[in-house]
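As written, the chain order gives the labels A, B, C, D, E and F, with residue 1 at the start of each chain.
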Amino acid sequence: MNSELPYQGGSVQWHLGPVIDALRTSRESTHNIRHQGRVRELPSRDVLRQIVDGLSAALFPTHYGRPDLNDESIDYYVADTLNVALDRLVEQVRRALRFSPAAPSELTGADAQREDLVLAERARAITREFAARLPALRALLVSDVQAALAGDPAATSVAEIMLCYPGTIAILYHRIAHCLTRLGVPFLARVVADIGHSLTGIDIHPGAQIGGSFFIDHGTGVVIGETAILGERVRLYQAVTLGAKRFPVDDSGALVKGIARHPIVEDDVVIYAGATILGRITIGAGSTIGGNVWLTQSVPPGSNVSQAQMRNT
Amino acid sequence: MNSELPYQGGSVQWHLGPVIDALRTSRESTHNIRHQGRVRELPSRDVLRQIVDGLSAALFPTHYGRPDLNDESIDYYVADTLNVALDRLVEQVRRALRFSPAAPSELTGADAQREDLVLAERARAITREFAARLPALRALLVSDVQAALAGDPAATSVAEIMLCYPGTIAILYHRIAHCLTRLGVPFLARVVADIGHSLTGIDIHPGAQIGGSFFIDHGTGVVIGETAILGERVRLYQAVTLGAKRFPVDDSGALVKGIARHPIVEDDVVIYAGATILGRITIGAGSTIGGNVWLTQSVPPGSNVSQAQMRNT
Amino acid sequence: MNSELPYQGGSVQWHLGPVIDALRTSRESTHNIRHQGRVRELPSRDVLRQIVDGLSAALFPTHYGRPDLNDESIDYYVADTLNVALDRLVEQVRRALRFSPAAPSELTGADAQREDLVLAERARAITREFAARLPALRALLVSDVQAALAGDPAATSVAEIMLCYPGTIAILYHRIAHCLTRLGVPFLARVVADIGHSLTGIDIHPGAQIGGSFFIDHGTGVVIGETAILGERVRLYQAVTLGAKRFPVDDSGALVKGIARHPIVEDDVVIYAGATILGRITIGAGSTIGGNVWLTQSVPPGSNVSQAQMRNT
Amino acid sequence: MNSELPYQGGSVQWHLGPVIDALRTSRESTHNIRHQGRVRELPSRDVLRQIVDGLSAALFPTHYGRPDLNDESIDYYVADTLNVALDRLVEQVRRALRFSPAAPSELTGADAQREDLVLAERARAITREFAARLPALRALLVSDVQAALAGDPAATSVAEIMLCYPGTIAILYHRIAHCLTRLGVPFLARVVADIGHSLTGIDIHPGAQIGGSFFIDHGTGVVIGETAILGERVRLYQAVTLGAKRFPVDDSGALVKGIARHPIVEDDVVIYAGATILGRITIGAGSTIGGNVWLTQSVPPGSNVSQAQMRNT
Amino acid sequence: MNSELPYQGGSVQWHLGPVIDALRTSRESTHNIRHQGRVRELPSRDVLRQIVDGLSAALFPTHYGRPDLNDESIDYYVADTLNVALDRLVEQVRRALRFSPAAPSELTGADAQREDLVLAERARAITREFAARLPALRALLVSDVQAALAGDPAATSVAEIMLCYPGTIAILYHRIAHCLTRLGVPFLARVVADIGHSLTGIDIHPGAQIGGSFFIDHGTGVVIGETAILGERVRLYQAVTLGAKRFPVDDSGALVKGIARHPIVEDDVVIYAGATILGRITIGAGSTIGGNVWLTQSVPPGSNVSQAQMRNT
Amino acid sequence: MNSELPYQGGSVQWHLGPVIDALRTSRESTHNIRHQGRVRELPSRDVLRQIVDGLSAALFPTHYGRPDLNDESIDYYVADTLNVALDRLVEQVRRALRFSPAAPSELTGADAQREDLVLAERARAITREFAARLPALRALLVSDVQAALAGDPAATSVAEIMLCYPGTIAILYHRIAHCLTRLGVPFLARVVADIGHSLTGIDIHPGAQIGGSFFIDHGTGVVIGETAILGERVRLYQAVTLGAKRFPVDDSGALVKGIARHPIVEDDVVIYAGATILGRITIGAGSTIGGNVWLTQSVPPGSNVSQAQMRNT
């Protein structure tokens, strides 16, 4: 009877032929990323993660770079780290530009080759401009860190805010991603933003415009939509949504993309945990929105909106 | 006085003896994963992560595999990548089967050995069937991606949805995990699901049944319970809960496990951010559930449920 | 015309000079982590991740360590793994102590050197005491796992709870971080806690005091504040907030830090998904707080608080 | 004319079909490592390298292990390191046994399965015996290191000999490989020996029998054949060959394998650089063989053999 | 006095300014690898090592690839592995072509760009031809392995020869390097050859022409020069040199490069350890050259050359 | 009978207790690297390998560093790379100094601590001086590369010599190691030299003094002893030994260490493959020593020494 044991001495044969065939058929019947036989390489999440790490280290070398830097070595380190990050970034920008709607993809032969060179040059120009904006970007981030130190009774030092606050990381990723959007590579910005989202649970669309001294506490579950505009010194808590209320469709029933549909939050607004604010409304300067509030209409400056209290049952 | 300085030239002696003893005592007084001296190896999260990466690459080679594949090389790549992933999977399935309640664990000697061979063969059969289902699984995922493109005004391309939407990743992990549950390895499915949860903040129990063209936007905080059933073209936003309302206990006070206790969501339902839907209720086809709504009773098809508005105070 | 193509044969010159200069100016005008020219190395997230992995493996060798351990090898493994983890920890503790407010930083020459030796000895003493507390810490964690097994109808085995529940990981990180806070290295504890937060979406301040048999289901979005106190057998679901209601400021308008401002949750309380409980209030023993409830006042033992039902519109 | 440029937008198609076919044909016409469809996994060089590293660390923990070990931690470290190394070794031994001439390979079904279990048990027994011999092996290695310290005027410390002498590494690999040969896994021993050869340029067949206090200086190019026998306190310099003189063939013209064909070198012999000693001859105790000498006849104890001097031309 | 201790609290300042300046001056006064500001990237040793590993695995999948391949999976594996190796190779070939003397390097603008495209196409053509020659290359290697099995009394199996003989590795690297030389990328071939040299201590110039069934035993120290020609079934032992005798100079005293200056070794010759054979001489078919022989004149077929015996002194 | 199968369900128990005990006994009876309970950490081969890689990249950034450096980025790269390499080196120097005979090791308490600070400062001073010597070291290496280009008819470019000649690597390691010897860390120099030996098969003692424009062709088996002195423009081939002839012993029979015992090779000498030159003799300037020559007496300038020819037998 032993011979009936399901023994199999060799490695397993999976008989993949039909599976391979079916997968090919499935691929060929759906959208793929080839245009006229020309492959479009996708940006790489891993490389973008390295790029943001490099930029962070160049911006804040003692916190995110090497701890043993001194006055002599720090500029060398910053410059070399930036060089590496920008060299990597230019290739990712080039890849992303191939996916921009403006990129003509039906070209062939010499025209296609010429287009490639044009895209490569545009990628270099964008990256060069990105580098030039880094000092301003750093100034914004410094204001954000100071806002955290001022706004959280549990915060004890700048180092703690740099190392232990997911909000700090989320804003860092956002400010980089927003800069890339402005420079004309929104697809790349989206990948950067999603890496930040994955690390922190905070989901900020790179299109959102956010003023200085921005602070998010705890942060998990925060969502800020593409066309939201936030002023200076805004403070958010976990699970706050600044979202769209409805999605207009055109005559054919397709979504109309790109119209302003998220809130405007003016200076010095505080929004507590779980509040949901939807639509192109305006939260007036200095307002306080209570936890779990559901808000779809504008409120004037200085408003104080809160949810009714629950009671025992 | 210098000699009083707390200097210690050698490495630190931690005097671990009592700690080691206490830890052993603690281990031995609690559940462990040995049965009759036979170790049961746990499935490996790291390996499962690699397996899902491999399956993703085989299903969508140009997005999750290698960008430079062409018509000649793509099938070789898919087949070899699948082979590696399946060879790894069969070992993880085998391990998980050892933890299934049905696995007799008191066997010894030749019986134990025979049982091992039976489990190994079952692992191979399950993996073979899993491979056969991949084309159907891919078709579902393609419908999900198309639903995202159609449903989000911020989405601009398939590539963006594949690379930048945590919902895409969450659904990919879920469809693989659900398939493993169906094939009889629920423990393995749970580990796969939790990896997806950790990557995205979206928590879908592998037992949940979800139709095609499923779209989750933003996603952080979404929870879908074990016995939930979702129809075609369902759309969810962040922080939606499809949960259980209460947990019946048996006469001895222990939880009754496995009974249907999560919502049924019919076709074409949209549920906005933060809505909490609890219990074995039915959301009728085509309904819209507003943000932050708390719902514990069934609603008929075409319903439109929303929360009362908050006001200034 | 070909000669007008934007071709560039060499590598890209980024002209970083002005950027480097501007970044230096920015750095020098803001806080940095040098004191009197003495660098303070920051704790390393990567190393702390390894340390927690090592401690986990030493505490639960068959689940988080090596699967093939047997009665002979397990103590060797535990002891060697602990040794490595503690050797690494002592260095991180030493770094963190440099950031404690008590650390005098204006010392120079021999005084600075003597201070360094004192900190190194304190780091060793703290680490030694940490090691001594590990058996008690393990006992708490065992009670937590058992609470999960008893409290979740979807849970089928201890192995599943150890491998597939983010709540298990979050509590593991918290209990380690809380122990470090107690031992006088709150900054290090914060870094540990934030790693746990990043892995699970569950944000527990290391200062929070949490009794045994604690269970968090699903977990994403849970926030527990610094001065919260939780009794025995508390159960939480996703997106529960135990937060502060308001932040008192002193005469100068600066936040008053460190005062008790988060809830006390007594034994055997269950708090369902999305509930927000704010301020130094007390939830009496045995109470049940319903999903999405907003609560800012104490409730007596045995209370049952729930949100009003929404209706069709 | 631009259109004549050899531009190719997509990735390269290698047209591998015929190459793949030809390689398959070539494989199938030659020896392969399958027996009756049962794959025989080869030992892994990478894993064997790790095993030798682990054994070295267990034998000499402060030189090849971790520098910060102390009296408390060192035994834990040695034991855990040994456990890992032996667990890995047993699998490599099992693989090698499949290649031993004695391994019946035509078995199928239950017989094949039973044979596998027998080989696994033999692998365990061999590894257990190997572990038992480690203390004696260490004693030999200690005598070798002391011989180096005594024999090289450039050597200044034990640490230097452990870290900077390729001879030390070569002898370490040899003593392990020879032990494996003795225990019945000559194929595995050969792989170990070849790793040592690759690291040091010293080629010692694992079958060679070498007494204690053995010292090789410089070492590159040393070759010691399979049936060589070396006594105590032998010293060799670079490029010394202890080889075979001729290879007898049997009636069919095939090499006769396994007969004694390499030199016997008695105690206290010194052989200088480049000497070539061939055949089953005996170098008497206490002899000195000069550099570049070519020797194919036995010499009595106390001999002093040297090459004639070259002169100007 | 303590204050006189050489204590330094911060990190070390190396005062690199003058060193950096001096290194720049040194660089600028010597050859560098820029032409007209256009960088020429060097081939990468690490990538070439991966390429040879990939080719080895494709040629001998069960020995150098994955042990668990079966009749179904092996061709997929071979094809995918080859694809990856060839994709990598084409880039290395392109880099190497930039260093060929024929590569015009003074081009600028559109001409430089056009030249780059021409080189890229040539790299693809060379790589395609290289792939086509792989089956013939495999056949040669199989003959080499069989020669080893037949020629070494210590060899017991094909597996042992594939895994444990440095000669096998050296010939594998040589046959690949020689093929690359033939195809017009001698610089790349040299890098491949030097990797093989570093791994084995066997130094074969890629220009050397070597017939089938070639066997090198032990091998360390073997040197075979650029213009050497070896027939079928040649056997070499360690430290054999097939070198040049003298290096003619031209009128200006510069070396004349490229002329035939190394030995021709006809079929079935055996050359024992340490023999040195120099100059464009011919070793007639079937000859045996003894160990340590120094030979600078041709010998007829069937010769038997040996060194005079040394004697006791 | 099945029950007699050697089946073992759990992991293997190695019964290591007696082995561990025996190894401890063996350790305690032999030399170890503790002094008075104070561990002396050994230099790390891996770190030294990284340091030499960093130094190589700083010295020759386009060949051993990054290929895409340009006039702007190259100095940043060199400076940052040097900073990292020197920071690592200072720690290795400090470790090595603990092993120098001059290091007092019986100190305890405050004296031991003060000694540690003194050693740390000495390590910094040595490393600072090492950095200052790098430009001169580079100049020597440039002369060596030029000598290779001039001296080998097979060499076609500087890039080939930098990438494909083991001699280049061996000299690079030697010049670094020799510099470390001069600066007072001979033990560290030995480790560096042995890494170079392992990579190339060329064994140069770091004490050897070697003039500029030094060229080693092929190189495997070259040995150059501690007190050898080589002039300018010396050229060596493979397997050349510049060794000691005899080792004087003192009255007690112990080796006398450190006396001059290796050859002096004057300017413009060429030594062909396999020549063995032993003892404190002088090879006069411009001499040529033939292959395989055995030489133990000085020869005047312009000598031409060769071996007698072998003949057919």
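Heads up, the rule we're going with is that contacts are C-beta pairs under 8 Å (C-beta built on N, C-alpha and C of every residue); 3 or more make two chains touch, one makes a residue touch a chain.
Quick caveat, the model's predicted, so the values are computed rather than measured.
Asks: Of all the other chains, whose mean CA position lies farthest from chain D?
Replies: A
Asks: Out of E-F, B-E or A-C, which pair touches the same way C-D does, with over half the contact pairs the same?
Replies: The chain pair with the recurring interface is B-E.
Asks: Between chain A and chain B, what is the gap in Å from one C-alpha centre to the other?
Replies: 24
Asks: At what distance in angstrom does the C-alpha mean of chain D lie from that of chain B?
Replies: Taking the average C-alpha coordinate of chain B and of chain D, the gap between them is 48 Å.
Asks: Take the average of all CA coordinates in chain A, do the same for chain F, and state the distance between these two points in whole angstrom.
Replies: Each chain's C-alpha centroid was found; their separation is 50 Å.
Asks: If I count partner chains per residue in chain C, which residues reach a count of at least 2?
Replies: 2, 5, 7, 10-12, 14-16, 34, 39, 68-70, 73, 76, 79, 83, 87, 113, 117, 201, 220-221, 239, 274, 292, 307
Asks: For the complex, which residues does chain E have touching chain D?
Replies: For chain E paired with chain D, touching residues are 58-59, 61-63, 67-70, 74-75, 78-79, 82-83, 86-87, 90, 114, 117-118, 120-121, 124, 127-128, 131-132, 134-135, 138-139, 142, 150-160, 163-166, 199-201, 218-221, 237-239, 273-274, 291-292, 307, 309-313.
Asks: Which residues of chain F touch chain A in their complex?
Replies: Interface residues on the chain F side: 2, 68, 73, 76-77, 79-81, 83, 87.
Asks: Note which residues of chain A are touching chain B in the complex, please.
Replies: On the chain A side, the touching residues are 5-8, 11-12, 14-16, 18-20, 22-27, 30-34, 39-43, 45, 99, 101, 186-187, 190-191, 193-194, 197-198, 201, 203, 205, 207, 220-221, 223, 225-226, 239, 241, 243-244, 247, 254-259, 261, 274, 276, 278, 290, 292-297, 299, 303-308.
Asks: Taking the complex as given, what residues does chain D use to touch chain B?
Replies: 10-16, 68-73, 76, 113, 117
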